[in-house]
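These are the structures in question, set out in turn.
What follows is a pair of complexes built around chain A, which joins chain B in one and chain C in the other.
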Partner chain A sequence: MTLSMNTPEFLVERNLDRCIKCQVCVGQCANEVHKYDKETDSLSCEDLACVGCHRCVTLCPTHALTIKKFPLEFRTNANWTPSTINAIYKQAESGGILLTGMGNDKPYPIYWDHLLLNASQVTNPSIDPLREPMEVKTYLGRKPDKLDFSDGELLTEIAPQVELELPIMFSAMSFGSISLNAVKSLAAAAKEVGTMFNTGEGGLHQDLYSYGDNAIVQVASGRFGVHSQYLEAGTAIEIKIGQGAKPGIGGHLPGEKVGREVSETRMIPEGSDALSPAPHHDIYSIEDLRQLIYSLKEATRYKKPVAVKIAAVHNVAAIASGIARAGADIITIDGFRGGTGATPLRTRDNVGIPIELALAAVDSRLRNESIRHQVSLVVAGSLRNSADVMKAIALGADAVYIASSALLALGCHMCQKCYTGKCNWGIATQDPNLVKRLNPEIGAQRAANLLRAWKHEIKEMLGGMGINAIESLRGNRLMLRGVGLSDRDLEILGVKAAGE
Partner chain B sequence: MLREGQVRIPSGCAISGIINRKGNRFSGEKIIESIAVMHDRSNGLGGGFAAYGIYPEYKDFYAFHMFYDNLQAKEDVEHFFNEHFSVELSGIIPTRKVSSIKKSPIIWRYFMKPLPDKIRDSELYEDEYVVQCVMKINSKFSGAYVVSSGKNMGAFKAVGYPEDVGEFYKLEEYQGYTWTAHGRFPTNTPGWWGGAHPFTLLDWSVVHNGEISSYDANRRYVEMFGYDCSLQTDTEAITYAFDLLLRKHGLPLDMAIQTVAAPFWDSIAHMDEKQQKVFKALRITYSSLLINGPFSIILGSKNGFVALNDRIKLRALVAAEDNDTLYVASEESAIRAVCPKPERVWSPRGGEPVIGLLEGADSI
Partner chain C sequence: MIEINAQGIYYKELNQQIHNYIAEGKKDIIIKNVNGQRYIGDALPQGVKLELEGTPGNDLAAYMDGAEVIVKGNTQEGTANTMSGGKLVIHGRSGDATGYAMRGGKVFVKGDVGYRVGIHMKEYKDMIPAIVVGGNAGSFFGEYMAGGVLIVLGLDGGTELVGDYCGTGMHGGVMYLRGKVPSYKLGKEVKSVELNDEDTRQLTSYITNFADYFGYKADEILKAKFTKLIPYNTRPYGNLYTHY
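Showing the complex of A and B:
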């Protein structure tokens, strides 16, 4: 064993005046940062193991613990920053791909923060959501070009739709990447608030079939857990082509996470690695996608809308147009800031484009081709609050998916170590001792509260604009203005500059 | 300064409409008197009228009212007209000098029929052919603007107070069975005659009061169906929305109304199953045509008019009936000015249309 050059990221400080040696920290830290020595009746900390998840700090009854960034300064170098240097040390030691969890954390421009919403003043009245109805109900699915009537009777049959009480859904997170209690929390929250959760590619656990009316079931390249009962269980089916955190590559659930229940749900042997291929091996082109879309429609007798999810990549607008024409009812686009349970660091941080630009480009393209109204557009990839949701809808989305925000509601502290399986908050883990830390009933309440809070905020902002139905905001880009953006950015976003 | 079409200008307004349901014609004096009462609802930056039944001797011809900024524009458009239409008659629209009406463009009118060969080559229905010609002139011919393009009807508009505009155009000399009027209060100074209302297409005319907050959602939807919203006004978008729903998609009038002023989901939940299905289909299919924010509009056609409020009645609209005549206006005073004691006066609820049709017409 040669000398490791890895240095701690965090410094764990214990205030001995406050510490009562209760050892809660020792029991709580799955990374084994805290140790108790019986001989000396003292506690010690292994800083190197700390991931900064705050579990110990949150549970310490006397607030004796402090976590700081480890004060270790390299000589200042604008090119060779500590993270780039440390990455090389790690790879020199391991010879492997760098892994990470959650979404891109690099300081790329966040366009949401350069877009501002409008409000009514004088020339039209704002509407008070406490006094007037304010509608945020949304339907996803294929829409006809027109309705046909004969003698006042409606002749047109509307294709199956997903009905949402608010335009926010829980994005795809598989059972496997997150715990059963985390999935249960989101499923129950979705049911309570009237929206959908997405199974991800992990199949649907038997306990969750009762939440089928609030589920979108995913069919990904690994086809884990896909069978006819599964396809029938949800309100819609989503074909996953790619995801924002790892465009162009497949997935890998390590065998350690594949316990009995994951194994049964995914229909793979216990302890075996669950490898999702990078492409679907029956989709090598757009015409193949069309076949899969219609295979799934046939399999469910045209009673479920079929969505296709892609990562936001450079040519996203043309791809989305192809997907609409291939027969998808819903197009889901996941931006490069979207989270994940595990992804190669370099892919996460360097592949794909921001969801704001991708959304604007896709919406504009579909409108130029006069097909935007036929399909629904759902976006994901870091919607951090209700204002981001409003901006996404104004740019042209029908609805949004949230995942990181939802996990934060369950207690995630964004330590980005989901891939280790040692999530101290019981979310991204299959360790029974950790999973039980997340009470699904409390989790459901917290996730539902988040959606309710955002719904209130959305209604307030809608009313402020003089709008009382969310569809009047959809694609209503005049309700947005850009600040601190280049002309080219504004052109792609299709919004005017503030002051114009 | 950017003119209307290059910039979006919100405005408040006054509207008034009168129809004789027996089709008896009356002069423009009455509508001028009505709209003049609401003088303070305009600010002299736009006024206009739509009149139906005014050209009975040319009722089979499309009557194009045109504004030209210069003679070159007129020459270019007339060349275009001669290529696409057979022009029966053309001439200046008579006006009189009014001190408050300034900077008049060249105002001309044409009675025309589309050339049958051209229609055949275009593989379009006649009305769609005319619409395409209108769109082309408005977007491609600099300095030319189509004021109206319907049969046996016309729009008369200018920058000025509506009563002055009526005097300018000598509307007392015209006889029509339906008249609508508009006085404008833009929050900016366009100074462009084309920006005044009513807005028209074929024999549709729309006068509108309010600033719709769904404008860009509505605009971007109708543009997918081939409309070019070159003026960037609410009225233009509303006109195209109705043209799309009624003419192109053939929706029954009540369904078109329930699209732009849709019932709330809560109300739909209380309907019977069959109705629920219809209204759900309408809201799902045409969600982008919901007109949101305050508005009161009068949609005119050869068959009559429909007056409508937004669904939570954020703008005033009053209606009255007296014998065969139906009145609608932003204010009751505008009705009482021309009909002091109507048989019935009422304030329609939000989203509830007031429909005035000619005898024998079953839809607008």
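Showing the complex of A and C:
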């Protein structure tokens, strides 16, 4: 056997004064970090296997465990950082593409943190949302060019809309990439709060058809689990072209995650890889995209809005214009910080553009072309809190998708090891022993709580601006000011500098 | 039996007429002068029978869910796209990406088919889709194929049964090609193996149907030697990655 140069990322320390040898840590760690030796009645740790998910620390009844960054220093080198060096060791050992999970973790600028919201002072009163009505209901879908009335009756036929009680939805995560209990948690939370969850491209599990009114069903290149009942089940259909965590490439659900239930839902044999290459092989142009959009509209007899999801890439504004003209009712744009269950590291960290700039560019372009009303814009790719949501709406989004935030609500600790299938929190796994750790009822409550909390905060901030409906914030970039941004950034964002 | 004259009718209106008749319980429909209208048969359920005269447009029988469609003419691109069940009999040739992600049902094509036919075809338990091609097939035949049955008979002659990259990315299902295929035409994920009794039984059943629809003699078609292609394994890209 050749020498492995892998060194631990984390140091697991056990305080022996506190440890009562209950072995909870041993049972809880799917990575087998903790071991109990019967003969010596002692516990040991394999640091190399630790992913830093904090499951053992959280469940240790005596708080005997500490996880630290492993104190191993290379000679200081701003160019050859430890992660750069370790990546080379791994590829030299395996010859493989580096695989990772969740979203881009590199220190690129986060534009949300350079945008500030406005508030009313003296000249226009702010509103107290605790006492006064505050409307955050949102409709997604094509809006008419104009409204015709006769004797007070609306004559114009309104295209099908998705009705949301708040402009935040759960982004596409397939059953397969996450566990059934995780999907159930999000579906039930969406129902409770009055929003949507997105099936991702893994089909809709039989148990979830009852949540169809709160589902957006996805159609991706592999067409897994896509059939007429599935298309009928959802409130809207989303064609997935791209994803922020891996623009330009497709998805591989490894065969080991395709157990009985995933196999039933995707309608593929157990143990078979589920391959979704980047291209839909019936789409090579905007005209072809139109064909797929209308084949789905025909299949559902024009009763469902059709969304098209793309990753935020260089020419996103022109692409979005094409998508609007192809007949999409909703455009979903996923920024380069968006998460995923598995993605090649180099793609995750180097491909795509920030969602803030993409959103501003697309909204401006569609307005300039007078087609903004034909589509709703939904953005994704790391909306971390209610202020990010407010800023996204002020930049022009109709609604946002959250996924990483939603999984954090379910217990995710952002260890970025989703692709191993060993998620100790029962989220990104299909191992029945791990899946049952996530109670879908508790999960639903936590995810619903997060949305309720954000909704309160959004109302507070809206009230502070003297605005009583989210509609009045939408695309209202005067409510934003930039700090620490270049003139070019401000120009693209369409935002004035703080102080202006 | 209902008859529709599709001459000069836009696809949306034509399909609406079909859906209206079906809603009235009139499920046996002949459509004459079809000329490029898209999405005919889209998501139609079992019990519906359409007979088309002319050339339907793209995405014929897409998401079709049990209906029977007979085409007296050629069909275009995306025919039987993501089809779930039913039967499509084409008395002509069929275009590119025929049977894309087909999950059930049967497609019989008398003539040739275009590129990427049977791409992403999959199967689950007793839902085993099949495409039988009387003529030859274009390149990337059965690309990413994950299940189902593809048969190419090459009855119209011509030198090439299939184009290049046959079965590239294939990780499930089976292909039967009537005659030999040079190895340079095969994707690196597929191998050629001998037919067993079960293969012969299956092939006989499909070809008997094919011969019935198009007026051939099944025995004569079956006299030739077939090549059977299957994937090396169900996980072609399992070793591509290393955990970061």
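Methods note: the second predicted complex is superposed on the first by the 498 of 500 C-alpha atoms of A that agree within 3 Å, B and C clash if a C-alpha of one lies under 4 Å from a C-alpha of the other, contacts with A are read in each partner's own complex, and residues count from 1 in each chain.
As a working rule, a residue touches a chain if its C-beta (ideal position, glycine included) is under 8 Å from a C-beta of that chain, and two chains touch if they have at least 3 such contacts.
Worth saying up front: this structure is predicted, and the values here are computed from it rather than measured.
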Considering only touches as defined above, state whether A:K146 meets chain B (first), chain C (second), both or neither. first
Return first, second, both or neither, reflecting whether A:R474 touches chain B, chain C, both chains, or no partner chain. first
Of the partners chain B and chain C, which touch A:Y419 in the superposed model: first, second, both, neither? second
Please indicate which partner A:K436 is in contact with in the superposed arrangement: first for chain B, second for chain C, both, or neither. neither
Would you sort A:E135 into first (chain B), second (chain C), both or neither based on which partner it touches? first
Looking at A:H63 after the superposition, I want to know if it touches chain B, chain C, both of them or none. Which is it: first, second, both, neither? neither
Once the shared chain is lined up, is A:K21 touching chain B (first), chain C (second), both, or neither of them? neither
Once the shared chain is lined up, is A:E298 touching chain B (first), chain C (second), both, or neither of them? second
Residue ranges of chain C touching chain A (in the complex, touch as defined): 12, 15, 19, 38-39, 42-43, 45, 58-59, 62-63, 65, 77-78, 81-82, 84, 97, 100-101, 103, 116, 119-120, 122-124, 127, 143-144, 146-147, 169, 171-172, 234-244
With touch defined as at the start, can you tell me which chain B residues reach chain A in the complex? 8, 10-12, 187, 210-217, 220-221, 223-225, 248-252, 255, 262, 264-266, 277-278, 280-288, 290, 292-294, 311-312, 314
Chain A - residues contacting chain B, complex: 120, 123-125, 127, 132-133, 135, 137, 139, 143-144, 146-149, 152, 154, 156, 158, 161, 367, 370-373, 465-469, 471-479
Residue ranges of chain A touching chain C (in the complex, touch as defined): 87, 90-91, 93-100, 221-224, 226-228, 231, 252, 254-255, 263-264, 267-269, 271-275, 277, 281-282, 291, 294-295, 298-301, 344-345, 417, 419-420
